[in-house]
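Two complexes, one shared chain (chain A), two partners (chain B, chain C).
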Partner chain A sequence: MAEIKIENLRHSYLANPKSDADYALKRVSLTWKDGGAYALLGPSGCGKTTMLNLVSGLLTPTEGKISFDGRDVSMTSPEERNIAQVFQFPVIYDTMTVFDNLAFPLRNRKVPEAEIDARVRDIAQMLDLSASLSKRAAGLTADGKQKISLGRGLVRADVNVIMFDEPLTVIDPHLKWQLRSKLKELHQRVGCTMIYVTHDQTEALTFADQVVVMNEDGEVVQSGTPIELFEKPRHIFVGYFIGSPGMNVLPCEVRGGKAFIGGSEVPAENASSATGYGKTELGVRPEFVTIANEGLAAEVVKVSDTGRFRIVETRSHGATIKLLVPEGEPAPEGLTHLAFDRAHTQIYEDGWLAGAKS
Partner chain B sequence: MSLELIDVVKRMGVETHIHPCSLVLEDATFNVLLGTTLAGKTTLMQLMAGILQPTSGTIKFRGRNVTGVAVQKRNVSMVYQQFINYPNFDVYENIASPLRVAGMTRVEIDKRVIAAAELLRLRPMLKRKPSELSGGQQQRTAIARAVVKDSDLILLDEPLANLDYKLREELRDELPRFFAGRNAIVVYATTEPSEALLFGGNTATLSAGSVTQFGPTVATYRRPKDLVTAQVFSDPPINTARCIKNDTSLVMFDGKSWPAGEAAAKLPDGHYTIGIRPHHISPRVQGDAAGILEGRVLITELSGSESIIHLDVGGVTWVSQFPGIHPFTVGSTASFYVDINRALFFGANGELVS
Partner chain C sequence: MSKAVNNRAWLLVLPVFIIVAFNAIIPLMTVVNYSVQETFGNNEFFWSGTRWFEELLHDQQFYASLGRQIVFTGLVLAIQVPLGLAIALCMPPKGPWVSVCLVLMSLPLLVPWNVVGSMWNIMALPDIGLLGKGLNALGISYNYTRQPISAWFTVVLMDVWHWTSLVVLLCYAGLTSIPDAYYQAAKVDGARPWAVFRFIQLPKLKHVLTIAILLRFMDSFMIYTEVIVLTGGGPGSTTKFLSVDLVQKALGGFDLGPAAAFSIVYFLIILLFSWLFYTLIMPNEAQS
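The block that comes next holds the complex of A and B.
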C-alpha cells in the first residue's frame, strides 16, 4: 500500500504538443493518501483513463512526476509499480475453476501454495464465491465473472494500489447495486488504496471518500468529498455533472454585493465576493429550491413523478429552474414563487465559483 | 386500439422464452419494458416487430391480424444496444437513409435530419463517418435514424445503456418530448427502474419471460400487483420480511412488535410478507406508524445529497435511503424507523393484499 503523489502531471499523445489543446490530460497535481478510496469521475473522453494509465505505468507522462511513498516511479514499468487492475469487461480464464482464476495472480508471483489457499478462500468468502470455488468459470453469469475479476484485483496482499476502470458498467442495476456495496465493504475491511474510474456519479460518490472530477477538456476541475462536490461545486461543470437533475445555472447580475435575476434580488452565499467581471451566473441545486409565497416569480411547466420525489420544472425570466418536491407533499401548479437557500446558492464567474480562487 | 398481443407464446426448442402474454399498446403512447437481463424484453420486442414469429397467439396492428407478417412489410424502426450504422455514409446520410428510401423531398429530409441531429447532439458531426465518432456518438446516430421517420412502431432496446450517465439523463428528458404529438407507439426496454419512472407513460414489468403487470408507470411502481413486480420495480432493492398480523400489531421476523398501521389494519390476522422500499426507512420517524429496526451498521454510502445505510438486524440486512448526510460509523449500533403506512403487504401467493 502506498501514498500516491502526482505533481504537475500533463500528457499529450502528440510527439510535439504546442498549445494546451494538444494535451489529453491538462496539468494536474494531487495526493492520494494511503488506504483511501478515490474516484476519477468525468464524461467519456475526458482523460480519466489516460490518468489511470499514467499512474499504472502503461503510459509515460509527457511532463510531471508520479511518486509512490516518496519514490519517483514516473519512468518505471507497470510490473515494478505493483498495481492490481480491474477492467470494464471481466478478464477471466473460462477453462479454469473459480479457485484457479483467483489464485492466478499469486501463482504468477510464486506465492507458497498454503498461503495461496488461505488468501483465495478469504477473498472468495468476502465475495460470496466460496460455494463455486471448484466450478469452472465458464458457467458463471456476467456478474459472477466480474466478481472473479474483482477478486483477482483484491487477492494480492502486497499491491500498492488497486485500480478499477468502469468495473460495473456492464452489470444489471440490481446486481450493480450489490457489487458496489460489496466493494465498499471490502475497502472498509482491507483498507488498501483504491482508485475507481467511472462516468457514473452514483458509483463514484457512494464508493469514494474523495472524488476527482474532470471535464471534457481533460482538466481536473475539483477534487473533494461527495458532500463538498454536492454543496459547493467549484465550477458549474461539477454542479451540472454531479446531481440528478444537476444544478440550476441561471444568468444573473451582481450589483453592490447583491445578486439579481430579472431585477429581483435573490440570496447568494458568496455574492459579496463577485467581481462583476466576466460571465456572471447563479448556481443553485434543485434540492435547495423551494416553493414560497414570495420571492422569484416562476411558472410551473412540467412535473415528473420519480416515485421517491417529483421533479418540478419551472420557467423564470427565460431560464429553466428545477426543484424537488418530496413524496406526499402537494406539487405546485401554474404561477408561483421560488425561494433559494442562501447557504447553498452561489455566484459563478466565467464558470468558476466567485471568490474561491483567491 | 393499436398494437395488440393476444396470448402470445414464444418457445425455442424445449425452452419457453415468452409465457402467454396479452398486451394492448395504444397509439401515441410511450411504453417501457422493465426487467433484468434475460427477462424476455428483447424477445418480446422482436415479436412485436415481426422479426420473430410467435409459437402461438395472435398479433394485431390497428385491428388487422399481422401474425406472421415479416418485419419488412411493417412500418417499424428498431434500435439495439449494440449500434449499427452504414460505415461508408456520413452521419447525415445515415440518419437520412430511411427517408430517402421512403422517397421524401430533399427539403423535408433536411428538416427532419436536422431536428433528429439536434435532439441527439449530432449537429457538429453531420459530415463525419461512423469510424470518426466515439461509441456514444455512433449510438446516437443509430437512435436518430430510428426516430427520424414516421414509423408506426418504434422499438428502442436499451438504447442508452452504453452512453454516459449525464447524456443518458438528458436524453431521457428529451426523448418523450420528441415523440409527443406523433402517432407512433414507442416501446423502450430497460433494466433500470429509475429510467422507467423518468419516462412516465406505461410500464410492463417482465420477469423470467412473463409480463407480470402492465399499466401507468407511477401507478405500477406504487401499487405493484405482486412481490415479483415490486422486486423488478425497485432500485435499490425492496426490503422484504415475513410477519404475522395480529389485531393492531405485527409480529416481526425477529420477534419484535410493530404497529400494523393503516395499510395492514384491514387485513385478516395471519402470515404476510411485508415489503418496504429503502426510502421508507429513515433514522427519523416518518408518518404516524413506525416500526423500529435496531441493528449494526454494515455499510455507509453517502452520495453528497443522500445517505444509504445497510443495517444488520439479527442476521438480516436492511437498507435505508434518505435525504441528507448522516455519517453513521460502520460497526456501531443504530435505530431506524419504518414508515409502515407506506409498506406493501403480500399474501401467501405473493399477491398484493394491502
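The block that comes next holds the complex of A and C.
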C-alpha cells in the first residue's frame, strides 16, 4: 500500500509532441492518499485510461514523475510497481479453473503452494466464488469473469493500488449495483488504495471519496469530494457533467462586484471576486433555483415529470434555466419569477470559477 | 392441421441440385460405378463385385504408398505447424513492417504447384543447381535423383517452403485478434513470456491451429503435382505417394476398375482422418 504522488505528469502518444493538442493527457499534479477510494471521471476518450495506464506502468510518461511512498517509479514495469488492474473487458485465462486463475499472480511470484491455497480460498469467499473454484473459468458469466479479474488483484496481500478501468461496462444493469456495492465493501475490508475510472457519474460518486474530473481535452479540471463537485464546480464543465440535469449556465455581466442578467441584479456568492474581464457566466444548479414572487422574470416553457420531481424548463433573457419542483407541489405556468440561492450561485470567467484559479 | 404442399417449390431447389449433381454426385458415382466393374475397352463393362477392393486391400504396393504418405504428412505437419507458429510469433504486431512481412510470407503461396516443382527441380540439381551444387561443395553427398534420403529431404523442404506461410498467416491473424488487455493483465500478474504463450496465446490460437492442421493435413495427403515434377515418385518408388501411385494405375495402366477402387479408399482415408481429428479436438470445446 502506498501514497501515490503525481507531479507535472504529461503524456503524448506521438514521438515528438509539438503543440498542446498533441498531448492525450495535459499536465497534472495530484496526490492520492494511502487507502483512499478515488475515481477518475470524464467523457469517453478524454485520457482517463491513459492516466490510469501511466500510474500502473503499462505506459511510460512523456514527462513528469510518479512516486509511490516517495519512491520514483516513473520508469518501472507494472510488476515492479506491484499494482493490480481490472480491465473493461474481463480478462481470464480460458484454460484454467477459477482456482488456478486466482492463484496465477501468486504462482508467478513463486509463493509457496500452501499459502496460495489459503489466500485463494479467502479471496474466493469474499467474492462469493467459493462454489465455482474447481470449474473452468471460461464457463462463467461476464460478472463472474470480472470478479475473477478483481480477485487476481486482491489475491496479492501487498499490492500498492488496485485500478479499475470501467470494470462494469459489460455487466448487466441489475448486477452492476451488486458488484458496485461489493467493491465498496471490499475497499472497507481490505483498506487498499483503489482508483476507479469511469464515465458514469453515479459509479464515480458512489464509489469514491475523492473524484478527479477530466474534460474532453485530457485536462484535469477539478479534484474533490462528491459534495464539493456538486456544490462548487471549479469549471462549468464539472457543472454540466455532474448532476442530472446539469448546472444552468447563463451569460451575465459583472459590474462593481455585482452580477446582472439582462439588467436585473442576481445574487452570486463570488460576485465580488470577479474581475469582469473575459467571458462572464453565471452557474446555478437546478436544485438551487426556486419560483418566487419577485426576482428574475422568466417564462415556463416545458414541465417534464421524472417520477420523484419535475423538471421545469423556463426561458429568461434568451437563456434556458431549469429548476426542480418536488412532486405534489403545483407546477408553475406562464410568466413567473425565479430566485437563486446565493450560497450556491457562482460566477465563472472563461469557464473557470471566478477567484478560484490563481 | 395439414400444411399446404406446394410442389412448385421444388423448381427453386433445382438449380442447386443440378450444380451439386454435376460437381459432386455424378463424378463420384462414376467412380463408384467403375470400381465394381471390369472393362476390356470398347466401352464394354462386366460386373466384378468387390473384387477390386479385395485386391487393393491385399496389395503390398498400396500399403507401401500409404506408409510413405503417412510418414510424409506426419513430417510436414511436425515441421510446418511449430515453424509457422514460431514465425508468426516473431512478426511485428503493428507498424510499417507488417505489410512487408505479409507480402513476403504470401509469395510462396502464389506460385503455381508445377512451377514450385520445376523451381526446386532445377535448384536441387547436383551439377548446376544452387542447392544441389552448394551441398555437394560443402562435402555432403547429395543427389535427389539417385539417393532416397536426398529425394525425401528435397520433397519435404519444398513443401515446407511452399506451405509454411499458410500456417504463419493463419496464426498471425489469430494472434492479432487477441485484445491488448490480455497482455496487459499478464504483465500486471507478473507472467513470464512462456506463461503468456502457454496460457494466453496458445489457448486463443486453438481454433486457427485446428484449421491450419486440418488444411495442411488434407493438402499434404493429396500432394501430386510438385512431387511428379520434382522426382516423379523416384528414385525407384521411394517418393511414390498415394496420388502418384493412383495416377500411374489409372492413366498408365488404364486399369479403370482398380484405380476407381483405389480412389474410393483414398477418399475414405482422408475423410476418416479429418473426421477423427475434428472430433478429437472439438469435444473439449463443448464444455466451455
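Here are some notes:
Here, the second predicted complex is superposed on the first by the 355 of 358 C-alpha atoms of A that agree within 3 Å, B and C clash if a C-alpha of one lies under 4 Å from a C-alpha of the other, contacts with A are read in each partner's own complex, and residues count from 1 in each chain.
Here is the rule we use: contacts are C-beta pairs under 8 Å (C-beta built on N, C-alpha and C of every residue); 3 or more make two chains touch, one makes a residue touch a chain.
Remember, it's a predicted structure, so these values are computed and weren't measured experimentally.
After superposition on chain A, the partners chain B and chain C are seen to fit next to each other with no clash. Seen from the CA centre of chain A, the centres of chain B and chain C span an angle of about 70°, rounded to a multiple of 10.
Of the two partner chains placed by superposition, only chain C is touched by A:136; chain B is not.
More residues of chain A are in touch with B than with the other of chain B and chain C.
When the two structures are aligned on the shared chain, A:38 is found in touch with neither chain B nor chain C. In the superposed model, A:196 lies in contact with neither chain B nor chain C. By the touch criterion defined above, A:244 lies against chain B but remains apart from chain C after alignment on the C-alpha atoms of chain A.
In the superposed model, A:99 makes contact with neither chain B nor chain C.
Our summary of the superposed model lists a minimum C-alpha distance of 14 Å between chain B and chain C. Touching chain A in their complex are the following residues of chain C: 179, 181-182, 184-185, 187-192, 195, 199-200, 203-204, 287-288.
Looking at the complex, you find that chain A touches chain C at residues 53, 56, 58, 77-79, 83-85, 87-89, 91, 93-96, 104-105, 108-109, 136, 138-139, 149, 152-153. By the touch criterion stated above, chain A contacts chain B in their complex at residues 43-45, 142, 172-174, 177, 180-181, 184-185, 188, 199-202, 205-207, 226-227, 229-231, 240-246, 285, 287, 304-308, 326-327. Remark: chain B residues 36-37, 134-136, 164-167, 169, 191-194, 197-198, 200, 218, 221-222, 235-237, 279, 298-299, 301-305, 308, 310, 323, 325, 330 touch chain A in the complex.
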